[in-house]
Amino acid sequence: MTQTDPHANFAAPETPDWCRGCGDFGILRALEKALSGLGLRPQEVVVFGGIGCSGKTPYYLAANGIHTLHGRVLPFATGAKLANPALTVIAAGGDGDGLSIGAGHFVNAGRRNLDLTYLFYNNEVYGLTKGQAAPTLPEGAQTRGMAAPNPQRALDPIALALDAGYTWIGRGYAYAVGELSELISRAIRHPGLAFLEILQPCPHYHPDHDKAWFTQRLYTPVDHDPLLTTNDPARREALHAAVQRLAGQRDERIPVGVFLEDRVTPPFTTALRRQQPAWPEKAPATTPVANGEGQPLARIDALLDRFAV
Amino acid sequence: MTQTDPHANFAAPETPDWCRGCGDFGILRALEKALSGLGLRPQEVVVFGGIGCSGKTPYYLAANGIHTLHGRVLPFATGAKLANPALTVIAAGGDGDGLSIGAGHFVNAGRRNLDLTYLFYNNEVYGLTKGQAAPTLPEGAQTRGMAAPNPQRALDPIALALDAGYTWIGRGYAYAVGELSELISRAIRHPGLAFLEILQPCPHYHPDHDKAWFTQRLYTPVDHDPLLTTNDPARREALHAAVQRLAGQRDERIPVGVFLEDRVTPPFTTALRRQQPAWPEKAPATTPVANGEGQPLARIDALLDRFAV
Amino acid sequence: MNAPAPLPFAWRIGGPQGSGVLRMALLFARACARGGREIYSRREYHSNIVGRHSYFDVSVAGRPLFSHRETPDLLVSFEAETVARHALAVASGGVLLHADEPGVPLSALRFLDPRLREHLSAELAAGDLPPSTDGLLELARRRGVHCLALPYGDWLARLAAGHGGRKAVAKTVNTLGVAVSAGLLDLPLEDLLWAVAQTFAGKPAVIEMNQDAARLGWEAGRADRPAGTAKLSAAKRKEGRLLLGGHEAVALGKLAAGLGLQTYYPISPASDESAFLEAHTRLPRSEGGPLVLQVEDELAAVNMAAGGALTGARCATATSGPGLSLMTEGLGWAGMNEVPLVITHYQRGGPSTGLPTRTDQGDLLFAIHAGHGEFPRLVLASGDVNDAFDDALRAFDHAERFQLPVLHLLDRALTGCLQTVPRFRPARHRIERGRLATDAVGAVPRFAFTADGISPRPLPGGPGAPFWTTGVEHGEDGRVSEDPVIREKMMEKRARKLETAARAIPVADKLAEFGDPQARLVALTWGSTTGALREALHFLPELRVIQIRLLWPFPAAELEARLPDDALLVVVENNYSGQLAELLAARTSRRAAHWVLKYSDRPISAEALLPVLEAIRDGRGEPRMVLRNPLE
Amino acid sequence: MNAPAPLPFAWRIGGPQGSGVLRMALLFARACARGGREIYSRREYHSNIVGRHSYFDVSVAGRPLFSHRETPDLLVSFEAETVARHALAVASGGVLLHADEPGVPLSALRFLDPRLREHLSAELAAGDLPPSTDGLLELARRRGVHCLALPYGDWLARLAAGHGGRKAVAKTVNTLGVAVSAGLLDLPLEDLLWAVAQTFAGKPAVIEMNQDAARLGWEAGRADRPAGTAKLSAAKRKEGRLLLGGHEAVALGKLAAGLGLQTYYPISPASDESAFLEAHTRLPRSEGGPLVLQVEDELAAVNMAAGGALTGARCATATSGPGLSLMTEGLGWAGMNEVPLVITHYQRGGPSTGLPTRTDQGDLLFAIHAGHGEFPRLVLASGDVNDAFDDALRAFDHAERFQLPVLHLLDRALTGCLQTVPRFRPARHRIERGRLATDAVGAVPRFAFTADGISPRPLPGGPGAPFWTTGVEHGEDGRVSEDPVIREKMMEKRARKLETAARAIPVADKLAEFGDPQARLVALTWGSTTGALREALHFLPELRVIQIRLLWPFPAAELEARLPDDALLVVVENNYSGQLAELLAARTSRRAAHWVLKYSDRPISAEALLPVLEAIRDGRGEPRMVLRNPLE
């Protein structure tokens, strides 16, 4: 992250076509604010969107915006970050995108502590396809788009992110723009894989969970210390158990804030350098492949010699 | 499960083409034993295999054997069980099959407490494609098929199964055929979704983890009570925490046995009957669709009336 | 168009998504159909939940209709964006209903496409008019369009009195607009009131309120009738008809077929079918009924359905666009394992996410070749709502008789349409379940080599012995075999099934012919574009239309036998590359002389097709002719 | 074969998987190549880790070779199953080396395919011989094969003394067998010893032990030479040659191209390439070097590579069979977003899991049509190891110049082969990176409409302004647009790139011609089957061969221009349905008169092809001729 051009404006002129009152507006504003507050240059920020109402986020930001495929936002973002580690890479996608069709990537991304920020919009429904149950919708719930109560049980994104190995985990709320923007900044600043669940009201299909519903329930746990700075297995176990407990609270009281900030697990860089010591300095995206005449710069002579007869 | 024809022989005449000493032999024998011990009829048992050395299991069993696609063993098994709930349905697949390419299904199957048994062969490698790292291989480990140490971290199948919602969770060891067969029986008898991790030595690609390695480490926790018979959240939380702790032990001491047996969570049947009260009695596979003359039995007249003009 | 007399009457309604446009189109269509008339309508909408523009065209006539019109005789609008988008499309002599409100500058319409804004501004500038909706109304007037400003606000105020206030009645504005148009057209009030009752069925207070609005609007319309406006006065009622869309017809066909399990992952426009099924799983059926399950992705959907089909249930999945791409591997597995699996594929604008709510016929060659390796499959495509029901029902018979996956293709135009059709008669259908292994002793192996390639199919839990199947190449017993001779025989066996299917399927299910069998000008098409050609036949008697319904195996011999040597072949398709034309070239000795294509992902209408076909008839056609309409 | 003189010498070795067959074939091939000879070898193995049968054919000659032979002149075997499978294939007059051990009944060979067991038993019964390996040896002898029983056990006992005992030397049995064959063939001992040193490089003790075994075996072979055995005596050494396989050539080509990121999911046979790359990421390169990452599945692999390519890195993924099916959606995204992405696809036996370790050319039409909707892509196919290197290198240039996904097809026969080729000369290549947006002010939008369809490509972090891309249809600025006119223009722009590519790619990269340009008999092919045809040219001078290297866009005009009106077209393919023949029919005015196909998923050899081509030449050919060999 280059720290020039502070407070660039990340708002794009495009008009969002979200429904009135959609939580996505708040998230967009919080993200703009966070990016601008971090003093990032729009050229060096790449926001990848999944497919869904949420996935439209990059359209409305003045940063590089890549609208990907349903469920594949993490692979795209991962590829970009590997190829050009100097970029600030953010993945934004819905709960269906992330935990239903994208669940395999969700889980496997946790195996690589790559410096990405994953914003997971939890509205408990499929917005853009007209209100079906998302994998975060509790069993028995029935939203406006459904013909019958949900027969399937909900997955808990925080618990799964923890199991999968994400090293920064938090939860925010779409309408609390200030707090959310602060959480996003912290997630971006974290030098590993950050997962931020954002509780996002969908007034169109899930009107029960409106502002009032959330306001009654949200709280910031004061006694929770998310920092992991020691390799002591007991501390890790205790912290994991605490995060699991926080994750489980989704009914009467819903905690928000930073749940885990693991400063101990080495970044993926460490592992990658074992294979490719030139990374990240000589990144695939920015290292020339040909000289002035177009001749390949890669030297494969020694390798060819192995096949010589 | 029909209880006629007890002790049918489930051994097929086919010669397995696994390597000498492969843990898969033990699993095969344990499975034969369990099926036979449960007094199941071969015709009513369907074993679905993933793709991998492990996925070949159904070839060698005298039960219906469906060799599916890499990573898709759970969807196939789910479809069969939904269509014909009278069948005993078992899914058998590798760790790559289940947690890498199949991780999305692994996680989402947990949302449906369907009466399936999932045997997950954990050998920490991709056997059939020549020894690459499975998603269960720890970071830094290097097996015989790998050019460099594993740059990615391991996933914990037990922790993920727990958080995904599997209602029976256990771990067994391939060479302990008697115990394993008992675990498989219990998993099959569980009326919901059962997950059994099987520690499976792969002498060919992962010779470090041989019999001796395992024998030194395996133990059965005596003080762990896997039964959940109450809806009391505190008990559930405590049990989950205990399972998480057991899951985490994979180095010096490795627990085996039943970790969770949740008798409280209702089977998927309950939820499905809300949509389709005729299920499971009138199952899709066994309910006639036409009368003697071939005329459709479904009566759509009332529905057509709605569109009448 | 050279023969204005028999043109169907064209009505259009537009408005932002979420404002009730779909329901109002249905209301109007119902009212017209109730009066004995036939309907065909098309729907356009954005990939958005609320706010972006959508519109509906409803064509009405005394004869069966299969195509919409691009130039409405009457436009119902409520706000400025609809006026801006459609004012220039209204047929000269037609009527434009708009809210009696101040004009809006085009620049204030946030969802108007920049290209369209420029286009309209240029038109306005050429007419020395301001870049606003007022300017556009004036331009319409100059073209002979009657623009009627409706005092929706005043009317709502009047209705508010009897129905709980302004807020409660706000939504009846739609009904008012529709009712005014009904009055203008002399549509019988009782048909309108019936349609209102149908449309709000189950909500008596809402019905009452909207019927009041309907009366109010209808009277106003009658009073305001511009001279020369078309009449849709009372006609003879016709019994035994349905008004519905393609996805509903497919769902009904599947239910009639005895669907046991439908798995799906939400996707536009396919999920409309699954939503309909989900709402109707409990329909009286002799016994049992389908399970309809939303699963985690399309990979799960296709393979779960295959897993179910293996046990003997009739199983299907339905998808669109990217969903089919993800089902490719599962399709191949079903092909290799000879599993009867039905995949209903609703084509939408591609590639990639494409235009999820627009129509396209771009997936034909993909459907035929999807999947690595070579395996038999059937590909059917429906041309209208009738076909959709029949094909959905038959797809299961094909799948079970020939033991292979069946891809049933539709396109968004067909799903989103409303069409009047004769009531479906499932009882006339004879279900065929194919060859099942009934021997208690599993004497015949699962993949036994047979003359027609079809082996008796055992079911788990059934009378036979257990069986094996695998996506790996296998012997007759379903166990892996890498033997070269077994491999050859198994490839030949599977391929033979396709020949068997080609022999067994009646030619009428392979292709449908319309128009003069002697005509030299022959239009070939598939899918919903058939409709525009069938409609065109009314105006171009020297045309003959052949609709290919079975696309794979391609009915090459049957088609060639029907084409005289001197036939002038025109292929009409809703895609860029002319995929049927490519099939024709690959599979027959014939070539299309002209390709008429449309790839703006709006459906082809008879209206747009006619001048092109006339040009071709008159020797003025280009080899490749693209249908365009900048105002759709 | 009608001209025995110039036939390459054919050597075969067989044994269970995991027993070192691959290494021994390499050892023999190296020894021969070292002596100035050219090599082509083919590999057959089961989808299994240890125990099932595998074998290797090595052809040797003084001229470049591109095809194997199906009837070895010399067979090296160590155990009964190899004898059983290959005894009947050895050319009459050839040599069969087997272990001096008691015969084994065929029924005791647990991995012998039942069909083959029956076939062999029938042959034996016909000759009044017992159903055992002894019977088969006798049958071979009757056909004039010299069967030499080798005392491997005794030799190992001798070697054991000097090298740490029986167990330590057990594996040298392989070297012994190879060395006996080398001695029999009069192959210079020093070449053999050099090859041993190469093959066990880095393990001095192992080299020494195996060189001792080599000497021992070689002497024994020299002593035992049956009269008339071919000689591979010392020839002139040739410098500047390589001996390698297709996947290694591809990996080298990618490295030369400046590969930045290769993502992959393990799959046979594609992952051999990635494994090779993983082992060589640290190769000296001016600066940097590729990342090679095993990811969670093929969906991740293709989309991660696309994500990397978006940033300007040269990115690729490699897969086979089912992997490509899963990449279909990602391919379409890259097409829609004009991302330079290279997908290397190693075809294997399909459909479904198919025959993962056998060869097939069944994915051509799938590669061309994969993905819903219509978008441009390039499809290249390599015919041999030379092509593999060139195409891998060029694929990136194509991808970046035309901003589209490039599918580089290979087939298992080509990956699994070993071929001697002139040393690659990457320095002669001129890398082209296409049009990049270099303006600091991003004046030109990402998808600007241009005459050739190619827009300057901005990179994130680069000098331009930020840009947008989306799989939804979009305007020049990369933002979603559902405007019908923009849609049309964007479809046209993307399609134009394919025309641009077709114009820009030199004809020599589109098709390669071999043989007499005047010959009437023209064989068309693609992929590794080219090799058999090139080899056949030596025996059939009235043949002309055209290899299609660029399959999409199909070089129809260039091909037609090269085909005289009276050309007799024969298509040769390793698949069931004749996919190139289908393309030919769809895209040109020509039809293949004969289809020569092989779909046992074993490669086509010149040996099998020749009689068929002769029959065609002589007017005795059938339209469809299937090559079969029950013993492969």
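Order of writing sets the chain letters: A, B, C and D. Residues in each chain are counted from 1.
The rule is simple: a residue touches a chain if its C-beta (ideal position, glycine included) is under 8 Å from a C-beta of that chain, and two chains touch if they have at least 3 such contacts.
Since we're looking at a predicted model, the values are computed, not measured.
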For this session: Going by C-alpha centroids, which chain is farthest from chain A? Tell me that one.
Result: D
Seminar exercise, completed: Contact tally winner between A-D and A-C is A-D
Problem set entry | Centroid spacing, where centroids are CA-atom means, of chain A and chain D in whole angstrom | 42
Exercise. When the centre of a chain is set as the mean of its C-alpha atoms, what distance in Å lies between chain A and chain B?
Worked result: 31
For this session: Could you please state the distance in Å, as a whole number, between where the Cα atoms of chain C are centred and where those of chain D are centred?
Result: 45
For this session: Using mean C-alpha positions as chain centres, tell me how far chain A is from chain C in Å, no decimals.
Result: 38
Exercise. Could you say which residues in chain C touch two or more other chains, in rising order?
Worked result: 46-47, 278, 293, 296-297, 322, 329, 333, 352-353, 470-472, 480
Exercise. In chain B, which residues are in touch with two or more of the other chains?
Worked result: 51, 67, 69, 71, 100-101, 103-105, 108, 135, 148, 151-152, 272, 275
Problem set entry | Of chain B, residues touching chain D in the complex | 15, 17-20, 51, 53, 67, 69-71, 96, 100-101, 103, 126-130, 132-133, 135, 145-148, 151-152, 204
Seminar exercise, completed: Per the touch rule above, chain D residues touching chain B in the complex are 18, 46-52, 110-111, 265-268, 271, 275, 278-279, 293-294, 296-298, 322, 352-353
For this session: Give every residue of chain B touching chain C within the complex, in rising order.
Result: 14, 42-46, 48, 51, 56, 58-59, 62-69, 71-72, 74-80, 82-84, 86-87, 104-105, 108, 272, 275-279, 281-290, 293-300, 302-304, 307-309
For this session: Would you pull the chain D residues touching chain C in the complex into a rising list?
Result: 46-47, 113-116, 119, 321-322, 324-326, 328-329, 332-333, 335-337, 347, 349-358, 360, 362-363, 365-366, 368-375, 470-473, 475, 480-488, 491, 495, 575-577, 582-583, 585-587, 599-602, 626, 628-630, 632
Seminar exercise, completed: chain D residues touching chain A in their complex are 30, 33-34, 241-244, 248, 252, 255-261, 263, 278, 280-293, 295-297, 299-301, 303-315, 329-330, 333, 393, 420, 423-424, 426-427, 429-433, 459-462, 464-472, 478-480
